[in-house]
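Two complexes, one shared chain (chain A), two partners (chain B, chain C).
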Partner chain A sequence: MIAPGTEVKVKLDWPELRGPCHIRTPHYLRGAKGVVERHLGRFANPEDLAFMRPAAILNLYHVRFAVAELWPDGHANDSVVVELFEPWLETA
Partner chain B sequence: METTSPPRAHHDMGGISKFMCETVDIAPHELTDFDRQVDAIRSLLGGKGLMSADHLRRGIEAIPEETYHRLSYYQRWMRSIVDQVITAGVITEAELRAALEQG
Partner chain C sequence: MSAPLDLLEADSDRLLVAVTRLLTEKGILSHADIAEQIASSDAANPALGAAMVARAWTDPDYRALMLRDGTAAAEAMGIAMHGKPPLGVLENTADTHHLVCCTLCSCYPKAILGYPPFWFKSAAFRTRAVRDPRGVLADWGTVLPDSVKLRVVDSTADYRRMVLPLRPAGTEGWDAARLAALVREGDMIGVTIPSA
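This part shows the complex of A and B:
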């Protein structure tokens, strides 16, 4: 489990290039750095549920990102909080 | 990052610059009878273990881009549901066509 306050990097991965998939990690976040806000619980992996495959139970987190780091014209104090599953997060 | 990233899937629209010029419609939408029926069919398929919410979403994301943008929210659901019930053999394409012709 990743503790709140931990800096994480979203995996720079593009499963949509490898064929049919269902991913809930937005395109604009790949490779972005954020901070874990809180653990939301454990949920079956939607990437498998979408294909009716047996699904692993994964930790889900709220992760906060500075908008200015995602988009060049983002305001300095704005941030976005996104739900992300643990396999998408890399810790330093 | 935008210039070096591979292309996004067409449904993955978060943060695209188009919405800096185009107002996002956030007004509540009145549900039509069609919308309610589609929702009910998805619930029935869910209850019978034939279609999860994630499965529905994958089917919606698989709709070709041009069609995707032409369809309403629940029309996209219907398209995904039809693909699934035919693939799972719940109904055949011939049965669907016959039912549509009967009206």
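This part shows the complex of A and C:
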């Protein structure tokens, strides 16, 4: 499990280029750096559920990203908080 | 025999009839189950969420429960949550404001707030909420001081989110019913702020 406060990087991966898939990690966060806020529980992997495949149960986290790091003109006090599954998160 | 349906091309009415027939003929769902689900979806509306907000403003124990476990707080108000996605409640404070969006689709706490407003599902809102959130709020007439932290919560996975707004000034001594009447749908999404 990833501890709150841990800096993470979202995988810079594009499964969409490899064939049909159902990905719940938004494009705008691929490769972005954020901070884990907390563990939200364990949930079935939607990437498998969408195709009725047996789904692994994965850790889900709330991860915070500074809007100013995502976009050049972001406000310093703005952040985006997103639910991301553990396999998408790389720790340094 | 009619031609097989192509899922991506089919007229939605024909697709609905075909899927309904398959589900009922295979005994997975009955027509009564479907009617009951539609009735329960149609019955949910923002007044349910407003009642939760008003109770949280007047009952500290309920407020603590709502922030710890939104699903349990909804159930405590008689809202059926079984089989529904968990509810996460975002607490606005004097220095932090929340805005809910779903950039991937239109995830929304339907059991609590009813069907999402049309704009919540629009590409314009979904893209701009994470790209220029203060601009979105300004369109609604909501201007946050620069010092206030704005947290945009993008519902990408299993939780559904609602905002617990700040109780407006000038409502001291009001009961929960009177407070609930102040709370609008947009206040619980975070595009607006309730006022007395």
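By our rule, the second predicted complex is superposed on the first by the 92 of 92 C-alpha atoms of A that agree within 3 Å, B and C clash if a C-alpha of one lies under 4 Å from a C-alpha of the other, contacts with A are read in each partner's own complex, and residues count from 1 in each chain.
Basically, a residue touches a chain if its C-beta (ideal position, glycine included) is under 8 Å from a C-beta of that chain, and two chains touch if they have at least 3 such contacts.
Computed from a prediction, not measured in an experiment: that's the story for all the values here.
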{"item": "Which of chain B and chain C A:14 touches, first, second, both or neither", "value": "first"}
{"item": "Chain B versus chain C as contact partner of A:4, first or second or both or neither", "value": "neither"}
{"item": "Chain B versus chain C as contact partner of A:71, first or second or both or neither", "value": "both"}
{"item": "Contacts of A:60 with chain B and chain C, given as first, second, both or neither", "value": "second"}
{"item": "Partner chain(s) touched by A:26 [first = chain B, second = chain C, both, neither]", "value": "both"}
{"item": "Touching partner for A:46 - first (chain B), second (chain C), both, neither", "value": "both"}
{"item": "Chain B and chain C contact sites that coincide on chain A, given as residue numbers", "value": "26, 28, 46, 70-71"}
{"item": "Contacting residues of chain A [partner chain B, same complex]", "value": "14, 16-17, 20-22, 26-28, 30-32, 46, 49-52, 70-71"}
{"item": "Residues on chain C engaged by chain A in the complex (per definition of touch)", "value": "86, 88, 103-104, 130-131, 133-134, 146-159"}
{"item": "Touching residues on chain A, where the partner in the complex is chain C", "value": "24-26, 28, 40-41, 43, 46, 60, 64, 67, 70-71, 75, 77-85"}
{"item": "Chain B - residues contacting chain A, complex", "value": "1, 5-6, 8-9, 12, 14-15, 52, 54-55, 57-58, 61-62"}
